[in-house]
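Next come two complexes built around chain A: one with chain B, the other with chain C.
Our next item is the complex of A and B:
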């Protein structure tokens, strides 16, 4: 082998700090250090503490005691059962929406599209809150409409409803992507060969969307398993692992048990994530041949059209009912008791309760641009550069998607409670949690976009004398600006709405709005909680608008410069 | 629809002529700013057992016509019939017309055998008949041994053949081809073109073939329909269209053509004399148009029908550009402000001229057609 550039020697030459591009190497090393400290190390700490005793000796006592306890095993079964039920139902709802929107000539499509994605950017607690407002003891429907007394809405059924409403958009987005990507002529070919609509669906459309179905199931499962806010509010006697871990740490101060439980939680989410990433996504049939040659003809059979419309309308109506209830509730004195109109809830937030709002905004404002840019840089490095540990960098940075927030929270407490990395109680620990938890979506969309952009565009820039950095700033970043923007939006929304990780990391100085909402719900001050939620939604919408304008301006400036 | 299926003989395909009557298709523009007439009251008959090509530039309405025949597009007005029976109200899956798609549209999740057998399974034929007929077509298309492979494991040419096999195995009344060769490289395209033609002649299935490639159209067709902006410009055999174009658009679209303006000088029993500058051109067979004495006309002549005189006789001009293409040498010659293209075959036997040379041209009196001077680039609507 002559001059083997891909061999070990070539790789070492590329990693050499005194190599061709020392700055790139430096960036790579820095990113690795941060990924190690803020993702790998906390997981390692959790693992260590669960297999040692209080003297640091190897011991399986903690694991043994958790496994011997039927109560925890029941929680595991609860979590898994709920996740399974939620993912199957979400899949059905998501498939109906995706099919109707991509295949059927249905009126009001843009509206349905919006409603089907709304729950993704909405704060936690919204749906649980309105669940209580609608179906609780003083519920609008249960009590006012049907006159029922002492209704118990806490438990599996309510969680099922609320989680399906929260997570079906993930299924919808995954499936609509797949359904859209199927070449329309493949379905036309089946029609042309004599197949009926039903048969085309059964023999062509459905089998071609199997990879999407599997993806959707697994992604929703991960989300359901990780969910903290809904089971916390609505779980009642139906205990899930996430809440269990939280109770162990905050209620019992038992770090060891918390750690063991979080590993029990991590294993299934990690398995689902790995299955999705490395097995299902390799099975895709999409774009085997040619280009999609024309716009897909939409089904206009009246039966299909109007039943799709009816189903979508029904779900949309439920979503609107839930959101409408929260808006209404934010203007009510005491829900179910004194239904007078009031602005007091808002007044309270703007006076006494404004600190958490400001904190949240401030920390999210720090974390978002850093995280957004970092995810684009990682995407760029992973797709375009060759270096030792490239796969590892991609894997570790995407791993955060599969790690439940609770696990991150516990890991951070264990890792950063002593010098030299004493971060507990600071705002920085929250910022770091935001950055490293919220990167994966930006990285995913960045890599997907980059892979579609011809490499030679960047090579042309290098060829004309630009360094890797200049090329990234002048060529790559403008080309992937939509991915950059969606990464930013996602990072921001997640930072503003995070609960599970941050609830373990907050301090009196750094209290956050989502945690305040939880406190209000627990004290049954539903009006204030609702007002917080509304303010959070408005802030997010404004911030997304600002980010949109900024990204546009940033890129435009570079184009004219 | 009560026709009983006969055996697989050529007779089965007789009487499957496709007739379009005043066929019209109007699309609403995407921004709803107005309407687009894609097909403008087209009437046409595709002859039974023949291969007819719809040829035209992109956006001329050819694919829309094909998709209306297949049933993928709704007809705005007019009628389509197969063998004298209207099919516009028949569902696309009941029309018994097989289409070969531009993207092939193979089912990526089925192996080759199942792809080809799909249409037979839809018909719920007995398993042994499905096997027998599928295997027969696999043999016919020389796809033996590939039955268990999947579409993403085979080459573009093979995918094309499977698309064709899938279309013919159900023994349709009509075969529809939607630019089937456009995704293949040049060599393979010529090869598959001949394969399709051979197969069509052998099976005698009425075929409608959409393309924008004039060479493909000439090579493969019994009849060609030249389309432009939703209208038919001309219908005829490839030779009729090449040698007797109705207007400049057709002359230009099918092959290369030279247009030289002149004035009718005299009409005699054995031809027409046209004055071009100071030179008089004799035209033996002017074509469909009968010009009047003194009328301004346009002469149409193909590049291969123009010769260098080698002396001062003929139309005087100057070579602007000389291109050597191997089998031919091509010259652009300026004659009274018109650019005239001349092709000389086997140039090594002739002089190879250079740009700037003054030459004289002879136009073969049998190869010139006369069009009215106002014959536009196409029918203006």
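Our next item is the complex of A and C:
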């Protein structure tokens, strides 16, 4: 173990499946088993539904009827167009925030940091509702402020705004992880060689953040493709594929057609994934080499500083406007009709509706550490270890992210409703859905960051006799702490705010808060829904604060060492 | 030294956690049905004092019904609230091992579809004799529990501000002043909207009905996906008029106080029958309790609860009184709605609607 493993012994060890590190092999195998059971198998069940008739015989009728209909093709184009626009704009916004926060000496940074993550910590349809309350026919801005009547906010433009607001934080989280990880001395070297700031950005910072850019684009695109609640509320006559799948399954009781449409949705995701891998792979992005480094000097050129500040302030103002509407709504009697101040909405939750809040918190608390750690382990294995099926592991772990929630729900019921895998009605099925559906953000930011870190740091550790796991825990994890943190945060908030995936998996014992919010919205008890959202946001902020502290403590020792 | 020992220990803990989580879960998936710990006990017990329910009513309404049911019978009910379409999907997917015993509420057409798909157990309560024959299920899969007519949810503020008269007939909806002001769901995704379409076809004949829908299309702001959205749109002012069932309109108005005026078309309207049914092979030991629930909910006391919930769902048991102030079907000109015909023609009419009407974008 103390020798370099490039020799003959190393080669022999590679051939032996339980090689010199049986534990690593064991972990790889268990991860594969789990990916198979909780992602591949449910997907297979869906696939089977789409290619059989009601008697279980092979039939391509459902596929034929979907392909023959121009309407679905149009929906596919709509989904793709929207996803593309949303991901590009989100990337810009996310990059500006990430760059400003990691590079620029700008005031109110902690505040901007908080605002940039705020939109992911709320149930998705909340922004849509705010949109209607602000810009609808009876909207605070369109009607009360400008006296406009008959505005029509339903369609592409509104969806673009709301989805960018909802999903740019993913881009921000991924990019800030990667920008932070670029060794300051690289940029400094360019500066010392006389390069202008703009040139450094163009030739050093931007190229080095390519893995993050690719990851962010991919994640936001996939997220937009499978977004259900916003198009459902705001889509109007702009139909997207996920909503079509939902309508077929829930409205027409046609599970087969719904399954076909969902599989159609996986194709663009697959394409985006392959494109991203092709684009990023084969280049080196290593900047963290283990050589002595120092605190990054922050940019304080006034032009950069104040334009970054202005842009961040602008976006923050929009975010605050949308969330301010929710806060306001939670304290008034009837949103849009009776604006009297009241605390009734909160009282309702604390007296009648607290059980779902506790349930959700409990399940998310189980799912988050497991999911967060698992995503870092997968990222580590995928980037650092050579084993058969490495690409497959990366791809499969991303798949569950790309499937519409309703379909995940059906796949899980079909797969886990019978012995020996009887999980329906338990909390475990929800925990599993959370873990496997929410891992990809952690995995993507983990792999993107790991690609920047020179292997030799870890090799030094293994050469000194540490096992892969000790190295992972003491070297790798601290180096990718911000990716680990964003993975944890994302796993947590997605668990707390999942809607379409869980609606078919909840049981009397395990009812969740988002489903309660949906029920309140369904009944137009918008004040109560808003109050639920505010409570949820506060809880998530506290939890994120705790996670931040824990992650910092976990990796602190490295800095003193 | 001590510190590094701590580190090693913490590492071991993390590792054990991860491996144990996997191994533990893996064990659970192995032969023993450890995951569903409550299940085996129930299987052994021939009778249970609980009932597991999927319900499509509003949460606040469900609670009123269940409280009274438990008071009357001592049976405790666990429920999940879902939309009717979601219940249908769940029951279909859980076919081999149903996770609930009773399906409470939701329009009859979902119950009809479930019955035809072999997902329901037939049961006819003694109370069915007191329910008019037109509402009953000929096959006996589901029992009617309420009816409600299609009406117009009108935003009072809009009408008062514009000083426009409320629509009183289907023809009124075509008036030019309602340009871009009418909200209705798409019949492909909503049972409510399909009932409206089927009503028009039964009322006017197919060609005239589609001619009418084409004209109405000019006044439609948006075909919503959900059947309850039009009433909500009218409530919050996103549309002046929303087409929905009376109880969905009144529920929003009465529980929250939105400025809604409910109008019924005087040239004839259709209605929805709400149903309750037994899920086939439901949770062991709960069959009797599920039957008791159907007996109870079709009986006078439960039938009159809609006065308490203020949803004003109209009772179907002839012995029970309609909630005070509610407009009953006798007060309205209702068509003789044929839900068997409606069910059989659903696919065809929806496809025709999609092809001829809703594919052209409205503005």
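What we mean here is this: the second predicted complex is superposed on the first by the 304 of 561 C-alpha atoms of A that agree within 3 Å, B and C clash if a C-alpha of one lies under 4 Å from a C-alpha of the other, contacts with A are read in each partner's own complex, and residues count from 1 in each chain.
Criterion: a residue touches a chain if its C-beta (ideal position, glycine included) is under 8 Å from a C-beta of that chain, and two chains touch if they have at least 3 such contacts.
Predicted, not measured: the structure shown is a model, and the values here were computed from it.
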Touching partner for A:428 - first (chain B), second (chain C), both, neither: second
Broader residue contact with chain A after superposition on the shared chain, chain B or chain C: C
Touched partner set for A:190, first chain B, second chain C, both or neither: first
Touched partner set for A:245, first chain B, second chain C, both or neither: neither
Which of chain B and chain C A:218 touches, first, second, both or neither: neither
First (chain B), second (chain C), both or neither touched by A:253: second
Parts of chain B lying in touch with chain A, wherever the complex brings them together: 63, 70-73, 92-94, 96-99, 101-109, 118-119, 122-123, 151-152, 156, 159, 166, 170, 178, 183
For the chain A and chain C complex, residues of the former touching the latter: 23, 26-27, 30, 33-34, 37, 71, 132, 136-138, 150, 152, 154, 232, 236-237, 243, 246-247, 249-253, 255, 333-338, 370, 373-374, 377, 410, 413-414, 417-426, 428, 469-470, 473-474, 503-504, 506-509, 511, 515-516, 519, 522-525, 557
Of all residues in chain C, those that touch chain A in their complex: 7, 11, 14-15, 18-19, 21-23, 25-26, 28-31, 33, 35-36, 39, 52-53, 58-60, 78-83, 85-86, 88-90, 92-94, 96-97, 99, 110, 113, 117, 180, 186, 188-190, 221-223, 225-226, 228, 232, 235-239, 251-252, 255-259, 350, 354, 359, 361-363
Complex interface listing, chain A residues touching chain B: 183, 185-186, 188-196, 199, 203-204, 207-208, 210, 285, 288-294, 297
